[in-house]
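Since the structure comes first, as structure tokens, the remarks are kept for the end.
Letters A, B, C and D mark the chains as written, and numbering starts fresh at 1 in each.
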Amino acid sequence: MLYLIPLLPFVGFLVNAAIGKRLSKTVSGLLATGVMAASFGIAAMSVWTLVGQAPVDGVRAIEQSYYTWLSSGSLQIPLAFRLDPLSSLMVLVITGIGTLIHLYSTAYMHDETDAEYARYFSYLNLFAAFMLVLVLGSSFPVMFIGWEGVGLCSYLLIGFWFKKPSASEAGKKAFIVNRIGDFGFILGMLALFWAFGTLDFQELASKVALLPNDPAMWAGSTVLTAATLLLFLGATGKSAQLPLYVWLPDAMEGPTPVSALIHAATMVTAGVYMIGRNAVLFSHAPFTLEIVAIVGVVTALFAGTIGLVQNDIKRVLAYSTVSQLGYMFLAMGVGAFAGGIFHLYTHAFFKALLFLGSGAVIHALHGEQDIRNMGGLRKHLPITFYTFAIGTIAIAGIPPLAGFFSKDEILWKTYSSDHKVLWAVAVVAAFLTATYMFRLLYLTFFGDRRHGVAGGHGAHAAHGTPDPGHGTPDHAHLHDAPGPMAIALIVLAIGSILAGFVGVPHVLGGGNQIEAFLEPSFRAIGAVAEAAPAVEATAEATAEHGGAGLEFGLMLFSTLVAAAGIGLATVVFLRRPQIADRMAGQFAGVHRLLLGKYYVDELYDATIVQPIKKVSSGLLWRGVDAGLIDGTVNGVGLVVRGWSAVLRRLQTGSVRAYAMSFFVGVVTIVGYYLWR
Amino acid sequence: MLPEPTLNSYLMLSAVLFAIGTAGVFLRRNIITILLSVEVMLNAVNLTFIAVDRFRGLVDGQIMVFFVITVAAAEAAVGLAIVIALFRHKETLTPDVFTSLKW
Amino acid sequence: MTPELIAQLIVIGFTFFMLLNSAAVLVYMERKVAAVIQQRYGPYLVGPKGALQPLADIIKLIFKEELRPKSADAFLFYLAPIISATAAFAAFAVVPWGADTDFSTLAHLLFLDKIFGFTGLAHPIRLAAADVNVGLLVIFSITAMGVYGIVLAGWSSNSKYSLLGALRASAQMISYEISYGLSFAAVIMLAGSLSLATIVDQQAGYWFGFIPKWYIFIQPIGFFIFLTAGVAETNRAPFDFPEAEQELVAGYHTEYSSMSFAMFFLAEYVNMVTVSAVATDLFLGGWHGPFPLPDGFGWVWFLAKIFVLLFFYIWMRWTLPRYRYDQLMEFGWKWLLPAAVLNLLVSAYIALRVGW
Amino acid sequence: MDALLFWILAAVTVASAVLVIGQRNPMRSVLLLIVMFMALAGLYVTLGSPFAAVVQIIIYAGAIMVLFLFVVMLLNVPTEETPIGRQARLLGGVGPRRFGALLSAALALELFWALGRLGAIAMPAGDTPETTVKAIGLRLFRDYAFAFEATSVLILVAMVGAVVLARKEPQQ
């Protein structure tokens, strides 16, 4: 009954899309939330049965095939779902957090008209359905359905306020950038099919596992490397890594719950999931893994630095998301697949929490997003403040909150797998994370109310009237998050506190259960332990010789780093704000560079967009289309017309004449054949 | 005494009938009669089918005959309907008058 | 000349003779019944209670002058009545009216064994003019031919009443032929044979010892459809449009007189008899009665049933008013035909899945 | 006996066919065509397919031809009128029609020639076995089921078409 998990949200989508206009907000909202909740329940049950299962050579999986979707030659693709530890974790995250965010949205979107409201929830449900297909799919094509579907939904939801130019622009940008990634993804799939003749994850894994595993380049692995690189390109597109991250910050044009669900918790992690899902493949392509790790860590740093100076509350969170995703890819890159997924899972909690918190703030301030116009909200929005604070601490990586365990796991794995440099950079990134997150916290909630600061209303105007609550901001009374939103916030906050404890490392006397739980998903069925990823193995090895002491030390160190970051933020942004300005003055260049996001958008525009425009308008349109194609078509038309003017004379319109000619033909042909 | 009918004699008979039918199509100036000539042709074909059936000891030919008859029925229905419509418009049944279906 | 052949010839002659008489009898019966229904006396002068009236009519018809409209198409004009009469008689030819018999009983009763020493045939023969194993289809095709008599009559006599009558007749007969055919297709399915004799023998015996196994009991709708279509086929009231007196003088035989008129008349009554006979064979168990008669006397039952049906015909004619023509067509196409199809499908389903 | 029957029926068939097309009066053409159908039915019987014969009579003679008669009577155009208008005379004139007749004669000759080459093949000996209705039915509803259904659809379409075509336009 796995199919029910995606099917329920889909049904919700159908209903809301079809008759949503005529439903009241309460009904359509409850419907959407209800199906998500139901789907969560079913997911929970299925996972329970899965856990209850006796592992077959160390692997538990529920596989259900529904019908043969594609069948041509050796390509046999059943529409099949597989629930194994990895996908079960994902399913729980998606349905669980999804449900909360739906609940949150019922209050958050309440100012929309009934039709818009229904449209919003239909998109949201559709997204959930596709995301679930993505994670449940047992083969690349099935995953690809979800992959494309979530892309579509993210496009629709980013451009939800399509009347606002910036929103629709952002939607298009997201879609196009993702297309580039998807192109890579498709090519990767094809390469794999060409090389291994199957697209089922398990079969691929077991086939790859049989290849001899040496880092040296040899025939089999070039293909594998190429394929994995292409797939990784797809991942960078979907999960907003360098160089394709540019769409995510703009995606903040969408409603905040959407940012929370799609652009923080679930969709953007699809790339990570995909790599985890194909752990065996990637771990047999060490080169790719290196690339992944480097890209990841660089992205983490890069985004962190940008996040440091952004003033839009949601954009800060967006960049932090990018950098956290960078962490996950780093983990994947160093072969700490479990670690990556672990971080994905915790990140889902606190990032969703943070976004929803920011949403609550924006909601309270009637659409104000510029943190320079906030401050001192601590007193007015207690619930929001506390939950947001919890989230911030969690992401900063302060024990014992969720972020700490996962991030530290990654750092340790990085270090222990002899990626010292990467480790260093990652630590810096962690430092930055702590800093800018607390900057955000301070500027938003502490100090006293500022508004009308230069650029503030400029930013405000830039975003038009983004989130609900139009009209002039009324600061007289600020209402805290209403019921549903509060519930969502609190639940997520609790989650951000506790989520980490499933992965308490051995050093702290915890038995890293989540790793044990997930580990089978990164092995090839049948291929025994020796086929387990080499990098993983080496990691373990170093873990042995490195010893517990070292690990503990590093753990302490990273915690201190985080604390330092927090301290810095406290000093600069809370105690003596003027320092910040002075620094900005001193390093004006750097500041401008960061504020301009390294001018990557402009770079792309100059190097890619404009040339393409030139070529297509100049050559393709005027030359090929207008000249060649139209010319040919018209020419054919002219010729035909000319001839028909002559030939139509033969058409007398008299039945008898036609019969006659036809019959002459008959007689002649019969005669001819008799003659020979 | 008359010669025993061979398969050929049946086929020749049907050939003659068919030819007569075609001749009718060309000779007559009355749409209805032309339709009748078409029926003659169809029957010529039917005769062939049944003769060959008898010759090979099958039933398929007869089934073909049934189909032919069915189609003939359809053809007659539509054809006659058209005839009526035409007659309403031009008050004549001469096919050569209805030549407006052209450039 | 084997005795079988002779017997067969006798049977044929007898059938023909009986048919001819049946027409005369029916004329008398019709007039009497009509009279009774309308509280008149009806014919009473000629013979006892006017029993010889038909004879008188026949003589009169024979001696009348043969009139023909000037503009009529002579050949077709005279051909038409012949066609109808022939069709009518030919149709009856394949209707068996008694169980196969070797006449032993009859011979015994008529003392033939005493006189000629004829104790019955070597092997029994069928009591029908012709023994065809696709009898039903033959009847069907011949009745189909019967239309031409009427149509030609209407057209050739070149008068608007006749033409209208003919048009009505052709349209009506085509429309009702379909339901007619479908209604006994169901019976064919049950009996699994096209031969009337076989079908009749299928209806021998009784359910629970007293209900005769007639198909009317399992095909009531079929029977109704058959009867209705039959009435329409024979152009009897309430479907007597081709000869609707009030509208078309006398319909297709307006212009006819004397013997050619008589032929149409004959044809009509013979057709009635045929339809009733076929109905009897198909639905009423032919010569199998509610209780068996001595061997070789089944035809008594047969006659009795035919008589009842014929009476019903006449009764209906003098009881029911005539439809309107569009009503007739509507009834035929929109009610009778669907009913027939449904009946066929349902009985097919039952015959296949359930069985009787 | 069989031979005699065949030749008689063949003669009747051909004669009636010729008369059908050699006839200006559509009414008579129809009737002669019916005669031809009868003769053909007889041939079918001699060829041992009585069922086909009966169907031929029921449907062809009994229904289709009645339809023709019906239309003939409805339009009541007793004879052909010579075509009016230049083009009509051009196409329907004597010349083209003669040519057409010649063409069909040519076809007949060609076919004869072909059959002549074929040489005479005697029908299988022994008296003709009758194909039972059962055999036909089984074949028709088992192997030709699809064709059967298709034909039914065809009939339906034809019916609708006929109704639409022959319907009088509401006005004008």
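Keep in mind that, in the parts below, a residue touches a chain if its C-beta (ideal position, glycine included) is under 8 Å from a C-beta of that chain, and two chains touch if they have at least 3 such contacts.
Since we're looking at a predicted model, the values are computed, not measured.
Looking at A-B alongside C-D, one finds more C-beta pairs in contact between the chains of C-D. One finds 86 Å separating the Cα centroids of subunit A and subunit C. Subunit B has its Cα centroid 72 Å from the Cα centroid of subunit A. Per-chain Cα centroids separate subunit C from subunit D by 31 Å.
If you average the Cα atoms of subunit B and of subunit D, the two centres end up 4 Å apart.
Contact of a single residue of subunit A with at least two other chains is seen at positions 652, 654, 656, 660, 663. Shared contact sites, meaning residues of subunit B that touch two or more other chains, fall at 22, 25-26, 95-96, 99. Contact with two or more other chains is made by no residue of subunit C. A complete list of chain pairs in contact reads A-B, A-D, B-D, C-D.
Those residues of subunit D lying in contact with subunit C across their complex are 27, 31, 34, 50-51, 54, 57-58, 61-63, 66-67, 69-70, 73-74, 76, 133. Against subunit B, in their complex, subunit A makes its touches with residues 648, 651-656, 659-660, 663. Of all the residues in subunit B, the ones that touch subunit D in their complex are 1-13, 15-30, 32-33, 35-37, 39-40, 43, 46-47, 50-51, 53-55, 57, 59-60, 62-63, 65-67, 69-78, 80-85, 87-88, 92-97, 99. On subunit C, the positions that touch subunit D within their shared complex are 73, 76, 134, 137-138, 140-141, 144-145, 147-148, 151-152, 154-155, 163, 166-167, 170-171, 173-174, 177, 194. Across the complex, subunit B meets subunit A through its residues 22, 25-26, 95-96, 98-103.
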